[in-house]
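Pasting in a structure now, in structure tokens, and then I'll have a few things to ask.
A, B, C and D are the chain letters, set down in written order, and residue numbers restart from 1 in every chain.
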Amino acid sequence: MKLYLLALLAAAASGVPGLWMRRRGGEVAVGLLGLAGVLGLWASLAVLSGGPGGSFAIRTASLGTPGLLVVDPVAAFFAIPVLVLAFCGALYGLGYWEGRRGNTPALRLVYGLLVACLVLLVAASHILVFLLAWEGMAIAAFLLVMAEDREAETRRAGWIYLVATHTGTLFLFAAFALLARTTGQSGFAALPAGLAATGAGTALFALFLLGFGFKAGMLPLHFWLPPAHAAAPSHVSALMSGVLLKMGILGLVRFLSWVPDPPLWWGGVLVALGALSGLLGVAFALGQHDLKRLLAYHSIENIGIILLGLGLGTLGKSLGNPVMQTLGYAGALLHVLNHSLFKGLLFLSAGAVLHATGTRDLERLGGLGQRMPWTSGAFLVGSWAICGLPPLNGFVSEWLIYLGAFRGLGLGRQAWPVVILLSLALIGALALACFAKAFGAVFLGLPRTGAGAGAREAPRVMLLPMGVLALACLAIGVAPLLVMPALGRVAEALGPAAGAGLSALGGLGAISGVALALGLLALLLWRWLRPVPQAGDLPTWDCGYAAPDARMEYTASSFADGLVRGLRWALWPVVHRPRVSGWFPRLTRYESHVPDPVLDRAAAPSLRLTVKGAALLRVAQGGALPVYLLYVLLTLLVLLVWMVA
Amino acid sequence: MVRSLLPTILQTLLHGLTVLLLPPLLPGLIAKTKALMAGRQGPPVLQLYYDLAKLARKRAVFSRTTTWVFLAGPVGGVAAGLAASCLVPFGHTPAPVSFEGDVILFAYLFGLARFLTILSALDTGSSFEGMGAAREATFSALAEPALFLGFAALAKATSSLSLGTMLAFPGSLATRFTGPLILILAGWVIVYLAENSRIPVDDPNTHLELTMIHEVMVLDHSGRPFALVLYGASLKLLVLGALILTPALPRATHAWQNWLAFYLALGGLAVAVGLVESSMARFRMTKVPQFLVAGVLATGFAFLLMLV
Amino acid sequence: MAWLLILVPLLAAALAFAVSSPTLRAWILPAVGVLHLGILLVALAGWRTLPATAWFGLDALGGWVLLVISVLFCICAFYAPAYLALRPERDHRVLSTCLLGFLGLASLLAQARHPGIAWVAMETTTLVSAPLIYFNHNRRSLEATWKYLVIGSVGIALALLGTLFIAYAAHMGGLEEPLQYTRLMENASRLSRPWLRAGFVLTLVGYGTKMGLAPLHTWKPDAYGETPGIVGALLAGGVTSCAFLALLRIYAVVGAAGEGAFARELLVAFGMLSMAWALVFMIRQTDIKRLLAYSSVEHMGILVFGIGIGGLAAKFALFHLAANALVKSVLFLSAGNIHRSYASKQLPFVTGALRRTPVSGWLFLLAFLAITGMPPFAPFLSEFNIAAGALGTGHLLGGSAFLILLGGIFLAMSETVVKVVFGTPSAQRVRTPYKDAPATTAPLIVALGLALILGVWMPRPLQAMLEHAATSVDRTPPPAEGLPSARLEVRP
Amino acid sequence: MLPDLLIALTMLSNFSLVATSRVAKAIQFAVLQGVLLGLMPLAMGLGRHFHIVLLAIAAVTVKGWLIPFLFRRALKQVHIQREVDPYIGYTVSLMLCALGTGLSLVLAHNLPLKAGTEYTLLVPASLATLFTGFLLLVSRRKALTQVVGYLVLENGIYLFGLLLVEDMPALVEAGILLDLFVGIFVMGIVINHIRVAFDSTDTRHLAELKD
């Protein structure tokens, strides 16, 4: 526990020295965050390997009951991605951000505070402490998103994020108020059995789902996410997408762990929302041209996968089926870790691209694979993992959920498992298409504009964190058995039966075996290919085009066109297609984009309407004193009459 | 000890040899059938073996735009195919590797192969290959649900998650679930044709690149890489073939009978594909999705039948 | 002691009027502020429940409110010299005099044990604050002053009638003057109900006008918009607190007489209406000072809402009085600084405050976040617990409406604040010589610090005082199925 | 007997207040009303209480001499004769005034007086005067007339105060009178500033600040 608290302090203090140091402030911050990482990981791993979870009480008057920090398996598990990504992001920031802008020290300070809030949040086990960390996290993230507030786009994104997160927090106010009322204390505690089925239980479920859903980016509460992730500095986007969203999941996990007997429909709701988020998330990703927006929509998709897992586990819990419960919860939790690893990796490499070329627009990039080999390798690993392809970590977590769903088919007429199966299958296929598009458009072929042509490989300090994350992805993918015991302990928090026999799954060993075989085969074949002599410096043949140039390349939009059209009914793409006529048509432009359904089609218009309405009501404050006095008189009369009547 | 293990070892050896040597025969068979149907003599059945041998000796040509990703396609395709082949039983002889949930690994290995092939196509920066890659990605997205619905139905029927028991179910799968089984196989045949880019989804030996899916993705491959591409394709024919043949095959008492049955069925499948190819024309690109959706519906309906 | 609290500021006011040197006069304010706070603390050390016949004296409630006002005055007073130095063109003889006079009268009000005297004090505070609003001596400030004066006087007149009604209610109950609060409370059961109700309605409207509850608040945006930030802070945190105190005294009597339910309904309704009204006018509000004025209306609404809910919420409404006063002072003063630097308080011109006036910009942003309920600042505790109290005591509708309105207000307010604070200063705006200096920012930092400390820690005696104050106001015990208060609230 | 007469006169003065268009007249009526009320305590035969006699004297001096003096000064400075186009016309004002009186009767009906109080007209009259004052405040444009309205409103309150005059502490009474005086005084000052700033006391100029 002491180690954990020290990690908290180190993280909080990481940005402070930089305020006074003229130089090397960034290195100090990285050092402190590294220290925090080591200490925190030490503490967390100790707990996850079966050690005793410590606890620490904050005693201040305003808390009433002393506020507890408890490092239980759940906290330890969620702390790992926080610490890892925080360190990687900071290190990356040295190359990405330092010296580029004026506000570097402030950015460092807030970054450190954000990490501290996250570390505090995962361990918080008291309503007020939790809310404190929660809001601190939200505000710090807001300030980080605003790092480039000179752009109007960034300001808009930041504002939307601020409003969304605060709305979520207000739902949590209500939820925790009800919780405290039902459990009778402000520390975290399990709900009494049988309560979940009552109206209060329903209210709690709904409020927590809304409050945490906003943070997790669950559809349709996701609308703040794409703009914010696109606007934030890339290492911050990595942290937000990799860790902040997961805090919403953490909240749901905590809540589910307090409920001994969830009704069957809770699981159903979770599965339905998961399928919605997953499918629409990836579908909207297909329609994006902005690399970081695309990644942001994929975060929504992965949140969907996690929700599918949680839903499966909850179904198992209410059906009293330990296998479903274990596999569902374990899969969801592992996917939390995995997603933070590979999504962090993807955002970091996307940032490297932005850093090198100055654009996020897929249609202006291309051909970076030759100029930035390491970055492209990192991005490839990330895409590989996020598509859930073996032998990387994404496959393992999805495999667990698949397995649970298949097992679920066995019992009765449950329709949910097959929903999960189909959603996962479709999500997988679409994600594959989407990342083929993204990787192809950015790294393969020829540079489409000068932006790509002049690119140079990112500095080592940026490549190193990517390498770390990539290796982590590979490790979990090849040797899943390593994480299973810990995962089991965490899953047990969600239900006593859960987590049992996770390590006994025969498949895991076989998976690593197949993974090794795969590697070996690839190596052999590679060896067989390598000695082939290169026949001169030639262009792409392409059926005889003498000089294939970038303008003939298949663009990202055209790559996705087929699927986007197929999903027209869901995406409502906005297409501007010029009419080309005559024998010598003049120069023209085609463009298509996919606006966000909630933000651009629901939230913004309704807000505009509200503003109009308010403008009408403004006459009430028209400036004429007699009218104001009339208000007083009328108020008086109304109250007197009401009193008499 | 050794005596008891011997059959298993032999079986595995035979499995390996089949995977390594047999595949190139299947395209030959298909081509032969088509030729005979068209009243031509056609190339020899072993033509692909000759081609592979020749390509292995040829120099390869690489465009200046390509990177190592360009080679990852062929390599990944073959590696994944071989890995997948260890998971699927050939007829009623069990697969070398088999465990709870190998179904998913099996499906995702083919996903991996597809992913790498698409990337290596995009690596050339050619517009044709980009087009092919896009089509591959689009259509396979539709094939995936059909495959998984079939698995779901079988899993429900056999309450098992291992290809070995799901496909080569010892009990009365074929008799008790005849209706659903037929639907599943029908759906899977569609998947089979699509995944192996055969008519009516794709025409492997057309000469109009605009209409190709798979062939156009490998336009720029040559020499050994191209050899790997061709071998990988034929391997896919074999492995997926095993997937759809096994449930249909009766279980024999002796191992050799099972092998024989499997080989005969495989040959039959190749001939059948040949017949299909020579009896019908390629669909218009816009019709293909409908064709694949039909496969999804078939398997989905099969699953519903399993529920009741 | 009691008399010192009243006389020191009043004498100082006379002195300030006499002194001719502006700088010297300006420094009288902080000196008196500290002195007053010191005396108050000494006096509070020995506060006790007062004998029924006492005309003056500090009880828990009065002490609490006066403490808030005194601290607020200190903050503004330490800000004053630097600010007044920035405005050499304006003679501040009247300003200083009235500020000090206000402090004296507030002390009188806080210690008055008789409704009549309380009323007299309230009325005089109205009169002394009128010249404050007119400080800028231009047409706009004149209009604001006129509106404030007329509406305020009418309101206060109604409050007088209400007080008389209550006196008559006692008269009918056979209770004779002098009617100190204590006596009224003791014999509350004998008061005549109809007159009591009517009296409460009138006092609510009257003092509500002074507090600025919608729709009686109409003078507020004009007055706050046209005065220096320092006056705005004192009006928003001080005068309103006085009116609230006067109202609470009457409410306590009504509650003791068993008409609590009736009064609660009115208070909750006024709270909701005020928050909603404020929300409407915060949407796309381009004038930052008017924005703050409406925010003040909102928080007055929160106060009466909390009192109306009662129990836990009532206690935290009193706590919110302090939280709001502190944070509001930061908001008004930093807005004043920004106004100084841009020579404008209108939105299209005032952007990128973080770049032009970094300290004030950050203070403005943080104070905004604090006032909208970000932990660990004090308003978070009060707003969360008021919501919790409402939901916990089964006011599900009220509680959810409260939260929804908070959300809407955040949406509206944040839009303006984000535009003001972030981005780049607009080019066409001439740069005034003003720069953030310790003298103009340190008091704000202290205030925000206090709000922060109050959010996590509170000295025991202060807690005890708050407890007593709450119990003395909120006569009806919180409903049985309420939140287990001992857990979530500030512990005695 | 006599008190009721005075009260009746007060109510009459209400009507004439809203009916008149001349500012000077309005002021006269208001002052008259003030004097009437100042005499009320004596009329109610409370002359035996010394502090009440003092109060009566004070009231009469303030309402009958000081305030009119202020008004006349203001009137000279702003030199306006008549209230031109009020927000609400005179006839409508009269109707509203009558309505207010009726309402105050209803309200008073719901407020039972102490057993054995003979001045049953007092409460309705005070409420009616209150509403009249409000009416003037709401319906007139000239700042001065609005101050008159405020004065009338205060009269209404004072009228009710008479119910308690016997045992109300002198301190409070004095405070009230003082406030009234100071209030009017300050308003006078502000009106003067308004005149200087806008060279008119028409409150239509005072509507710049709005949303």
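One rule holds for everything that comes next: contacts are C-beta pairs under 8 Å (C-beta built on N, C-alpha and C of every residue); 3 or more make two chains touch, one makes a residue touch a chain.
These numbers were taken from a predicted model, which means no experiment stands behind them.
Counting steps between touching chains, the shortest path from chain C to chain D takes 1. Chain centres here are C-alpha means, and the one lying farthest from chain C is B. Contact count check for A-C and A-D (C-beta pairs in contact): higher for A-C. For the pair chain A and chain C, the distance between mean C-alpha positions equals 43 Å.
Centroid to centroid, with C-alpha atoms defining each point, chain B and chain C lie 78 Å apart. Between the Cα centres of chain A and chain D there is a gap of 69 Å. One simple way to say how far apart two chains are is to compare their mean CA positions; for chain B and chain D this gives 101 Å. In chain B, there is no position where the chain touches two or more neighbouring chains simultaneously. Contact of a single residue of chain A with at least two other chains is seen at positions 618, 621, 625, 629, 632, 640. The set of chain D residues touching two or more other chains comprises 107, 110, 134, 137, 146, 203, 206-209, 211. By the definition of touch given earlier, these chain pairs are in contact: A-B, A-C, A-D, C-D. For chain C in complex with chain A, the touching residues are 146-147, 150-151, 154-155, 158, 197-198, 201-202, 204-205, 209, 215-216, 218-219, 221, 266, 277, 280-281, 283-284, 354, 369, 372, 374-376, 380-381, 384, 387-388, 391-392, 399-400, 403-404, 406-407, 410-411, 414-415, 418-419, 422-424, 455-458, 460, 463, 482-484, 486-491. The residues of chain D lying in touch with chain C in their complex are 107, 110-112, 114, 130, 134, 137, 143, 146, 150, 153-154, 156-157, 160-161, 163-164, 167-169, 171-172, 175-176, 179, 182-183, 186-187, 190, 193-194, 197-198, 203, 206-209, 211.
On the chain A side of its complex with chain B, the touching residues are 366-367, 369-370, 373, 376, 380, 384, 387-390, 395, 398-399, 402-403, 406-407, 409-410, 413, 418, 421-422, 425-426, 428-430, 432-433, 435-437, 439-440, 443-446, 505-507, 510-511, 513-514, 517-518, 521-522, 525-526, 528-529, 532-535, 537-543, 545, 548, 550, 552-554, 558-563, 566. In the complex of the two chains, the chain D residues touching chain A come out as 87, 103, 106-107, 110, 131, 134, 137-141, 146, 203, 206-211.
Interface of chain A with chain C (complex): residues 60-62, 64-65, 127-128, 131-132, 135-136, 139, 146, 149-150, 152, 155, 158-159, 162-163, 166-167, 170-171, 173-174, 176-178, 180-181, 184-186, 610-611, 614-615, 617-618, 620-621, 625, 628-629, 631-632, 635-636, 639-640, 643.
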